[in-house]
Each structure stands twice: as structure tokens, then as C-alpha cells.
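Chain IDs A, B, C, D and E follow the sequence of writing; residue 1 opens each chain.
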């Protein structure tokens, strides 16, 4: 997974994350970091420190449109 | 949620947080990060890593007034 | 709480912390961050991520005197 | 363990990690940080905060090839 | 405790850590941060977030010698 910044631009920060929701390439996802990531299904006893918990549909900050899954997909 | 700095100015740092107290837009909130965030009601088994635990009324640093919910609201 | 740096100077970093030891203004305190903070009395099921665990009396680094509670108090 | 950045270059950041998978020198490994690291075999009651959970075979970012264990080994 | 960087030089970063192994001044130690630090003896219910888990004997990075407890001691 590659992090995005507040403007929705890709950053140089990457993290390996567990994924139980089936996220695809270029989809934005919501990630839980740390011990919370082991609350995903069957995650309790796995040595994970980051997990996808949701696929993001739309992001807006104030009135500013940042991301839409539909428009982003190609 | 958007972080503020020590002077009360908005920063570029954002975090997605669970909210069980019903905070509104532009309200300042107190957020618990990490495993503490799962101590909110019904949070124990959810994959969250940040949660609103209180809505802030007033912030002062020393004699310096930083924030008041009443004055901020529009 | 306001953080100090290695020289004992105040920094711009603040944190809201639980306090069960009754620290006063301008006192230096030792703070536990993260899940350790919930090991304070009655803290286990509270959504806290930082807690005062001691009031600091004196800090020296090598031969360098950094802080004394008695001299600091006004 | 020495961290690599997004381009696969070595950084100045090091971490001491528990290893139960037998990683060798110059191999890339996947590391779990924090409480997740104690989910490795027999790790639950050890004071570790980082553990190797896998040896990495290949890393690609988009179409860009970053690392292959086979090519890296000497 | 004072952190050292990858070259073995002292940094400006300090941390207060629990010590159950009896480390002395100027000794290099291995520290566990976060919840792992409470896995030291009798540490489980203490509000600690960092603990010495070992005293370091020798550190080498590749062929580069970084630290030896014997040579360092005065």
C-alpha cells in the first residue's frame, strides 16, 4: 500500500498491509495501524501491524473534492 | 479529522477516527490514538486505531487563549 | 502537557494526558505513552493513550544539571 | 535489520528484530512492528517490539522492479 | 537512556526506560518500546512504555565495527 497526502497525491511512504476485503490496484483503502489491525476477521493471532478495513468510495475535505472511486478507476 | 498545532492552526495532517460522541464539523475534539481508542463503547473488537473521546470546550495555554467552542461555532 | 527537549527547553509539542498523581502547573512529569498508560489506577478500561506516572524531582544528564523541581517552582 | 526506502535503497535506519524464520544477510524481510511482533511462535511473553514474519521473494511497485531475492544473492 | 544513531554517535533523543538488568552508565543497551516492554519480569501491570531487555556486547554493521562494551568502558 502506498500512502497519499492530504491533497490526495501519492507519497513515497509504503506499508505492507493485510487485506481481507479484496482491494484492487489503485483503489483507495482505509487502513488500521497497530494492534487494531488484528481485529479483522481471523487476525487476532497473526503477526500483522496494518490491515485494510474498508475500501474508500469518496473523499472530500470541506468543499474540496479529493477522490472518487468511480472516477479514479480506469 | 484534521490536526491542529500548538497555536491552534490547522495542519496538513489528517486521520480517520471513530466517533461515538457525535462531534460536528469544525468542532475541536480530543482523540485517543492506538489501542486506547478501542476502549470506547463497543469498540473493543473493532479494527480502529483512533477514536474521538471528548468534544473540547475551551483550550488555553498558560494565559494564552487558543480555542473556545462557543466562539468558533458559526 | 508540553514536551521539553534534551536541554530542558519547552518545545511546541503538546499532548493531553491523564493525571492521577496530581501534578501542578510548571512541574515536570514522567509520562507513559500508549497502552502502558492504561496501567495506572482504574485506567484499564478508559480510552487514554498517555498518563502521568510520576512527578520529576531532579534531572541531570551526565554532569549537566537540567531540572530541579525545588528551583523551578515559583 | 536495516530499512530500505521506496526505491529499494538502504537507509540509515536500523532496528533490532526477533527472527524465527532464519533470514540471512542481505535478504529482504517483512517485519511486524509493535504488539503484532509477539504473535510469532513463542513470542507472546517475550519483550520484543519487532519480528521478522517473512522472507521477501520479489518486490515490484507498479511496473517497476525493485527487488528479487534470487538476483540479489551473491 | 540516550539514543545512538546508525554510526554509533550519541543523538539528542532521550527516553526514560525501566531497567531490570542493571545497566550501567555508558553501557549500550537493547530497549523494547511500547507494549513489549511490559513483558519484562513483573512488568505486566506497570505503566511503562520502554524497558532495557539486554546489555549489548558488540555491534558491527557489515564489516564495520561500531561498538564493543569492553573497549568503551573506562
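The rule we apply is simple: contacts are C-beta pairs under 8 Å (C-beta built on N, C-alpha and C of every residue); 3 or more make two chains touch, one makes a residue touch a chain.
Every value quoted in this text rests on a predicted model; they were computed, and no experiment measured them.
Chains that touch both chain B and chain D: A. Averaged C-alpha coordinates give centres for chain A and chain E that are 35 Å from one another. One simple way to say how far apart two chains are is to compare their mean CA positions; for chain A and chain B this gives 21 Å.
Chain contacts: chain C has residues 34-35, 37-38 touching two or more partner chains. The touch graph of the protein chains shown is a ring with every node of degree two. The ring sequence of chains is given as B, C, E, D, A, with chain B as the starting point and chain C next.
Contact residues on chain A toward chain B in their complex (touch as defined above): 5-6, 30, 32-40, 43, 51, 53, 61. The residues of chain C lying in touch with chain B in their complex are 2, 12-14, 16, 34-35, 37-38, 45-49.
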